[in-house]
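Here chain A shows up in two complexes: once beside chain B, once beside chain C.
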Partner chain A sequence: MASITVQNIRKSFGTTPVLHDINLEIKDGEFLSLLGSSGCGKSTLLRIIAGLERESGGKLLIGGKSMSNISPKDRGVSMVFQSYALYPHLTVFENIAMPLIMRKLGRLQRLPVVGKMLGNARTINKEILEKVTTLAESLDIDSLLDRKPSQLSGGQRQRVALGRAMVREPEVFLMDEPLSNLDSKMRAHMRTELAELHRSLGTTFVYVTHDQEEAMTMSDRVALMMDGEILQVSSPREIYRNPIHMKVAEFIGTPKINILPCSSIERGVADCFGFKIKTQSSAKNINSLGIRPSRLKAQPRDSAGCPAQVINVEDLGSSFLVHAIIADSVRVISRMDSRAHIPVVGEEICFTPQEDCGIFFDEEGWNVNNKSSRQMVDACQEQVSESADRGYYGLQPSAAV
Partner chain B sequence: MKNISYAKIGGHILLIIGACFMLVPFIVMLSTALKSQANIFAGGFSVIPTEWAAVENFQEVYQKIPIIRFMINGGIVTTSIFLIQVVIAVPCAYALAKYKFAGKRFLFNCVLWCLLIPPQAVAIPIFLELYSVGMLNSYAALIVPWSISVLGIFIMRQFFLAIPDDIIDAGRMDGMGELSILMRVMVPMALPALTAFGILSFIAHWNDYFWPLICLQDVKYYTPPLGISYFNTSDAGVSYGPLMAAACIITIPLLAVFLTARDKFIQGVSIQAGVK
Partner chain C sequence: MVVFLIGPVISVFFLSFTDWQLGEQSFALVGFENYISIFQDDVFLRSIINTALYIFMTVPTTLILGLIFANLIFQAGPMRSIYQTIYFMPFMATAVAMLIVWQFVLNPTVGVWKVVTDVFGVEAINLFRNERTALPTLAFISIWQNIGFAVVLFIAGLSGIPKDLYEAGELDGVDSAFSRFWRITWPMVSHVTFFVLIMLTVHSFQVFESVAVLTQGGPNDATEVLTYTMYKEGFDFFRTNIASAITVVFLLVIGTIMIIKTTWLEKKVHYS
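Moving on, here comes the complex of A and B:
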């Protein structure tokens, strides 16, 4: 087991910068997700940690040891690839055994036929056989050991890839979107299994994904990446409730958070399309209000709130999504309970943002309640991670959306 | 529906004609190998000999020329050429397909240009080179000029390109060095391409008449095509019966090799099919 320290890591491909000054502290035994849309550099960061890609600048420590000039095989890390990357010409057994064969047997002992007779090759081979069999049993793939990867389903291949990563008991697991090739049912199932696996192994997991649901459900902490930078590192709950920037708020949560223009009119009160809302902050530079669809209530026209016209209604079964347009300019979405009165398309209604649930942003998009500014991001990350340790009760009341 | 079936029938008729056209020389070869000299020179042509001389013809082959020796020579030469070609082409192809380095495009263009150079064009320079190092008239003279196969590099590179980088990275994570990746992952995965190249190489050098004719004097190094030309001499005339009988004999290894590797060969020629 090992912690990972990423210090000022930079990476550019040719003249194109991909990662700018990444700083990240991953604790021993933590499950950290690198979340971001495609092209944000999350896979590159993972590959740098793995040693498959060389950083252009900065420092990487795994377990306190500097990793510069250390090859992937000597870093004590295993990786699960998005495509699984199983060896198609080898059986499941050989695939899983490969890391052990390469590590435990000498160069000559790996030779076919003759190798088996050299030194203690026989005992090592026996150990490998036992280890792979036990592992296969625990992953429930022991009946597939003689098959080739092409004869397996997606889920089974996934398990084999996991087995190959687990077999040599690495200090760090790196996973590059391992579930994205599975169907949604299998994905939900594997999500639970991965989380359980992490709990039982207690190993450090670094998990790359573009799927916020995966990141939110499995991780201890989520690092949200955008355009080669880490915007926020905090617990799933914190990143959802107290995003430090509008971009973070917009990325996390489906449907997307509503952003309404608003301005502070007096200390602690802001105005949003004529609706007065408390800000819990003395900040004067409020520019917009972020409010989750489930916290935006649709009311009859004459009640207090922002007047809007319904343009579409989606029935999700358990709830309805009401799409509306405020003042002919701002589109918003409200999630409504299916038992509530659902407005029809074209109806004139009023939206009331729920008190205490708004997130206020300044002109640059920073959260005014979250004291961090761009220069203080690092400090904030530490502070946030502390609060993550304290869990739910450590949160600020104002952040409880 | 009707149109399609007519087109299909037409296509098949064309294919059958093509196949017969390809087959005729073999039938003539086989039929001539069974005929006596008189039968061969008699007017008209019949597939079934009117005057049989199969035993005599084949006997003459064994008595007049060391055909077994020639076949062994052919075996030694083609196998060595293929092995050396693989040893050189596979790492070259791997580098061209998977590594980033300065001049990679240029080197690959060189490979493509070399594909365009006919071997006859460079025969004399190579002959002179071999002469100056005193390697003419030996197995080495037959093997060395062919040790670098640009076709092999090209075929293997195309196949390696289709192998996902993730598998190579997985190999690195699993503790393999570059050589292990090549031997344990790339080559086994590229077996169809390697077989296809092997067959092409084997056929080309087993059948080669031009180069052995230039670089050999000593009969003990003769390869099969050169060896059987004994029956086709300007002063003694052509003895067609034994010549064709010998031709039959030296065709057998070609057939055998092709038939055993047929499935892999077809997989390799339709290159992308190999990787999944």
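Moving on, here comes the complex of A and C:
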């Protein structure tokens, strides 16, 4: 097991900068996800950690040791690739055994036929056989050992790739979108398995994904990357509830957070389309309000709030998404419980941002309330769990924040 | 297909069991007599041995050099397509024109060959008129001509290997040039290797132009190959029956190679 320290890592491809001064501390045994949209540099960072890509500047330490000029195989890392990168000409057994064959057997002992007779090759081969068989049993692929990768399903290939990564007991597991080639059912299943695997191995996991659901459900911490920079590194709960920047708030959460223009009118109070809302902050430079769809209550037209007109309603089964437009300019989404009264398209309603659940941003998009918003989030949570209000357009209290 | 392929094959097969010679009005069935006579003929046997030797000299060398050059060109970056074109040019060029150029190049009195031997202070022998050098020289020209074909196919095969495999290899310890080649590249281009092997073998088996243009089977039958014997029997001596029997033998060998290709070896070769 090992911690990873990324210090001022920079990377450019030609004149195009891909990573700008990345600093990141990954703790020993931690499951950290690098989350971001495609092209944000997350895979490049992972490849730099693996040693497959050379950094243009900065320093990388794994287990406290500098990794400059250390080849990928000597870094104590294993990687699961998006495509699995299984050797198509080898059987499942040979695929999993490859890291051991290349490490434990000498150059001559690896020769076909003759190699088996040299030195203690027989003993080593027996050890490899035992180890691979035991591992295959634990991954439930022991019946597939003689097959070629082309004869396996996506999920089975995934397990073989995991087996190949696990077989040499690395200090760090690196995973580059390993679930993206699976169907959604299999993906959900493998997500649980990966999380369990991490718990049982206790090894450091660095997991690259563009799928926030994967990052949020499996990770101890999420590092959100955008345009070659890490915007925020926090626990999934923190990054969702207390985003440091509007970009983070917009990236995390489905449907996307609503951003409404607003301005501070007096200390601790902001105005949003005529609706006065408490800011829990003395900051005066408030420029916008971020409110999650599940925290935007749809009320009858005569209630206090921002007047809006419904333009679309989506039925998701357990809930409804009400799309509306406020003041003919700002589109918003509200998630409503399926048992509540659902407005129809064209209906004039009023949206009320739930008190204490708003996130306020300044002109540059930074969260004005970042330091104190933790308390605000907790307060919000408490209020929600106590609330039993299912009145007109009421929200299901247990709906996600 | 019946008119241009099956029909001619059936008539050749039929003619090989007759005594018909070009221009004759009648013929009689003679059974296996033509076959017995060709297998007792020294020239025919010599041509079989020469063809086999020629294949043995050209195919492995073209294959190995093709694979080496393909690997080098594949890593050449932006210059890749230029090198590829240069190597492929001899294969595209008109065979007879190229052979005439080689005749001049290897001419012992006025050719480049004379210049080269002068540098080393040895006498320039006539490579096409020496029993020991004639066939190897033809083999050399064939290698020069066909290497581009192998290179182009190998490059196509190499570009089909996912980069991920080499990266996975780097982490697994497959990171030296040799182990990369032995454990990833070579198995991943095995299907191309097999295809090139079959095509080169068939191509070498059909060697004709270089013999006809440069040596006419000589000296002393040293370059007498199957197709040239066939041509001579049929169009110089007008013994159509004998030429047909040789053609049938030729077709049987080609057919056998193709059967090996489609049944036995293809199963053993990895297709990703």
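Side notes on the structure shown:
By definition in this document, the second predicted complex is superposed on the first by the 370 of 401 C-alpha atoms of A that agree within 3 Å, B and C clash if a C-alpha of one lies under 4 Å from a C-alpha of the other, contacts with A are read in each partner's own complex, and residues count from 1 in each chain.
Heads up, the rule we're going with is that contacts are C-beta pairs under 8 Å (C-beta built on N, C-alpha and C of every residue); 3 or more make two chains touch, one makes a residue touch a chain.
Every value quoted in this text rests on a predicted model; they were computed, and no experiment measured them.
Upon superposition of the two complexes on chain A, a steric clash is found between chain B and chain C.
Touch criterion met: A:Ala50 reaches chain B and chain C at once. Looking at the shared chain after the overlay, A:Ser150 reaches both chain B and chain C.
Residue contacts after overlaying the shared chain place A:Met102 against chain B and chain C alike.
Of the two partner chains placed by the overlay, neither chain B nor chain C lies in contact with A:Ser184. In the overlay built on the shared chain, the residue A:Ser71 is in contact with chain B and with chain C. In the superposition on chain A, A:Ser83 makes contact with both chain B and chain C. Looking at chain A, you'll find residues 50-52, 71-73, 77-79, 81, 83, 85-90, 98-99, 102-103, 150, 164 touch chain B in one structure and chain C in the other.
Those residues of chain A lying in contact with chain B across their complex are 47, 50-52, 71-73, 77-79, 81-83, 85-90, 98-99, 102-103, 150, 164.
By the touch rule above, chain A contacts chain C in their complex via residues 50-52, 71-73, 77-79, 81, 83, 85-90, 98-99, 102-103, 150, 164.
The residues of chain B lying in touch with chain A in their complex are 164, 166-167, 169-176, 180, 184-185, 188-189, 191, 275-276. Chain C makes touch with chain A in their complex at residues 162, 164-165, 167-168, 170-175, 179, 183-184, 187-188, 190, 270, 272.
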